[in-house]
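Below: one structure in structure tokens.
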């Protein structure tokens, strides 16, 4: 038996949940994309497979103030600008994005812990939604992700004109229980059927056979020196689109901003594709776009697994495939390098 | 837009060194009054005013920005103000297009001999901005006190 | 078309007219072509592709290649809108025309896969062109969509199908379309109240993630170092931190290309958040046309840019205050 | 004090010593007048002037100095320009210590040590040299090869002359790049000087200086018969966070701020050549 919520009760569920915490749902933008917005009565939940930006914003916002300084003469006052974070829930997170949180955790929750991230992470509740209509750009299976089982705090599976609901964590169970009797009990068969159907579709997608063979922490030397990087990076226009829509890209910059009445030190997303990413007073170790381009993919396919027990830094969400201005992406990189490798 | 009775706007005036800056001087020596909340920034020519200067003035808390240059034909560098005229027109038009109140920006030609016109222009502009209220559409929230 | 292009590219490479060919190579799906530089006939035979989805403006790659090797002879295939950018780059001395062999490619409008997806077609396995339709094979079954419905937004208000610069033409040259309605949306915005315009632009610009794609792809953005990347400019910011930053970035970006923008529409095409950035550029074009006389950047390589010229009786900036809606 | 990594502590500059025309040494204490934190030789700290910038500097003073912390800083960019302009009493912010130190308590113990420094490259090594001098019994002989562009560019010249050179069991070899009036010591570049000195192959080498010096000195050492496992150096790349998260100071899979800045050359050999 599983908990079941019929589609027409989704608003009721969101309303009940909103009484307890802030609930964010994907909402269609004016121009065809989707983004997370705070749910209010009347907000329509988007049917889109993906939001344009990933859900990493919730824990690692694009810009956040780290610390403020008041300057007077030779003296400095240091102020911690943080306020108490409110509890919140994010609805409609797909399996790939759920996995990406685990990857971000490995960076931000490893010693020394990033308290800004941790604070947000702890206050957040993830309500996953299994995919039922994956797109051709999806390749989460390559990284061992099951699109049908997001494994979030609570998973929602669309079937039988409604949602089948299962909690995976204590936090999720407590949340579901706290909502009272808006759910009904039903046999899990339709949910299992829907999941099986999704898995079938995943197998038929064009990228279903993409593998990570030939990549990993032990491949550093041969991949770093691979001949393919020059051709692959040829057309790159050095924008940060891929890094900013990526759910696992976590590089950031720290900058100071003079507000006229103090200094606010903030961090913001940064991209290894930018020429000033590694630029120092005495020079730049990554002089051309080839090196910068290589860094991004080496990080995901080699450096990250090397430091994290073989786990890759990509979840196969396909956002970079959809948004790159010149259609260069991790799939093309993997295929070209693998081909080159086998050609040796 | 809420109009606050006690609101004193901050005005940034970019003044050309060769005319309106001297015009401001003249209005001072003639004891003509203009509000103290007009902050004058001296520039070598009205043409030196980069659109970014105007935006950054708003960012740092200006409620209105006025550019003062030599009358067309009188530019110290012969043609600077003609270029300035085209550029400023396009920028003002863009700000208007983005929904920024169109009266927050102005360009006036004030010569070195027009001390009275300078004071009059400033008084008028300050009154206009006071009526508009504080700049909220082009402000940087981080800079708000 | 693709076969003719391939044939000419191979011929020009083999007879030594050119040493590099700028074109497109295929992607993973049938719609994600990547601009590429070919140096051998073999590469062209194997990888050169041209179809309805080759929308990227490759004129800026000519500049990039010439930077690497100023003397290299380059063959480039340009669509009508690309030829305007090419002309403009030549006028600004960013491209040396002498070392480039331009093949103009006739164009009836490019397709945009986002439009196909917006029509509810997803899980795309393959797209075939069939007359005025696309047959789209998907994991969820076959679909058809009229080419007109799949056409990129910018092509719907195409200003000109005329090739402005070429050494030879493949396909058919078209005509300038003065009645393309490309300013309709700008005019519509102008007729709104200031509050409505503000709301509209906040809604659009607040999605900006400062990825810089619009800037980097723009054929008019050719500065060695952008003012937004210069730590000494005081405005170098990577943050999309506040409504002001977004406004400022986009105003300045559009202003810096004002009167040089050829209205190729790349900025809107590449925006991952689908912000209609071309509406900012078109506003400048419309204003310039109305105030200083019709001017089309990239028409030729000789005429004077309206922002580096003037007349004695230009309109005063107060003209802004006098027209349209407040 | 907080245990937040990205929120710095307050520091006060209590003394500024002019070492060379472009190097000054800053003494830093907390506002309460104590040393900001303990560290090991080779570790770094993030110094910042809010509004100007924040950057990583190696801690020049020895951990055995319990009273204060020192940083020798060369003027070469935005932040360092500012630091050079400031007066005693200026507050700055400081966080750290970051990175792995030289293995003074493990691999280097009991070894004969050869220090090779060029220019401001003495800064991180001075911390080790003084640590070794203060724990003299734990280490074998100490040889220091130090070179700079001119006599005026030798950092800590007085300390070298008055303290290091008078120590028993410490051999100091100085060199400058070009002949100079008032200089009767060695003239020539460090790589050649090291070869001329022909140091004992049993020594362990600690090296820091400009990249080109490191490259050629390493070559020279290899020619003399040294192994890469005998040579340590300390690296620098652009850093923002200092804790291996901001993602820019990596060489391959190693982050200089966290896994470095001290590397043994055989470790560097395994990393891609991107520094």
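List of remarks:
Which chain is which? They are A, B, C and D, in the order written, and residues in each are numbered from 1.
Just so it is clear, a residue touches a chain if its C-beta (ideal position, glycine included) is under 8 Å from a C-beta of that chain, and two chains touch if they have at least 3 such contacts.
Quick caveat, the model's predicted, so the values are computed rather than measured.
Looking at chain C and chain D, the chains that touch each of them are A.
Taking the mean of all protein C-alpha atoms as the reference point, the chain centroid lying nearest to it belongs to A.
Centre-to-centre, using mean CA coordinates, chain B is 36 Å away from chain C.
Work out the mean CA point of chain A and of chain D, and you get 40 Å between them. The geometric centre of chain A is 30 Å away from that of chain C, both derived from CA atoms. Per-chain Cα centroids separate chain A from chain B by 46 Å. In chain A, the residues touching two or more other chains are 253, 257, 270.
The multi-chain contact residues of chain C, meaning those touching 2 or more other chains, are 231, 241-242.
Of all residues in chain D, those that touch two or more other chains are 78.
Across the assembly, chains come into contact as A-B, A-C, A-D, B-C. Residue ranges of chain A in contact with chain B, taken from their complex: 257, 259-261, 264.
The residues of chain C lying in touch with chain B in their complex are 186, 189-190, 194-202, 227, 234-235, 241-245, 247-248, 251-252, 254-255, 258, 280, 283-284, 287-288, 291-292, 306-308, 310-312, 314-321, 324, 326. Listing the residues of chain A that touch chain D in their complex gives 66-67, 69, 71, 74-76, 78, 80, 107-108, 112-116, 217, 220-221, 224-225, 250-254, 256, 258, 263, 265, 267, 270, 272, 277-282, 285-286, 291, 295, 298-299, 302-304, 306-307. Listing the residues of chain D that touch chain A in their complex gives 2, 4-10, 50-54, 76-78, 80, 87, 89-93, 236-238, 240-241, 243, 245-253, 272, 274-275.
Listing the residues of chain A that touch chain C in their complex gives 29-33, 35, 49, 52-53, 62-63, 133-137, 201, 204-207, 231, 234-235, 237-241, 243-245, 253, 255, 257, 266, 268-271, 274-276, 321, 323, 325-329, 331-332, 335.
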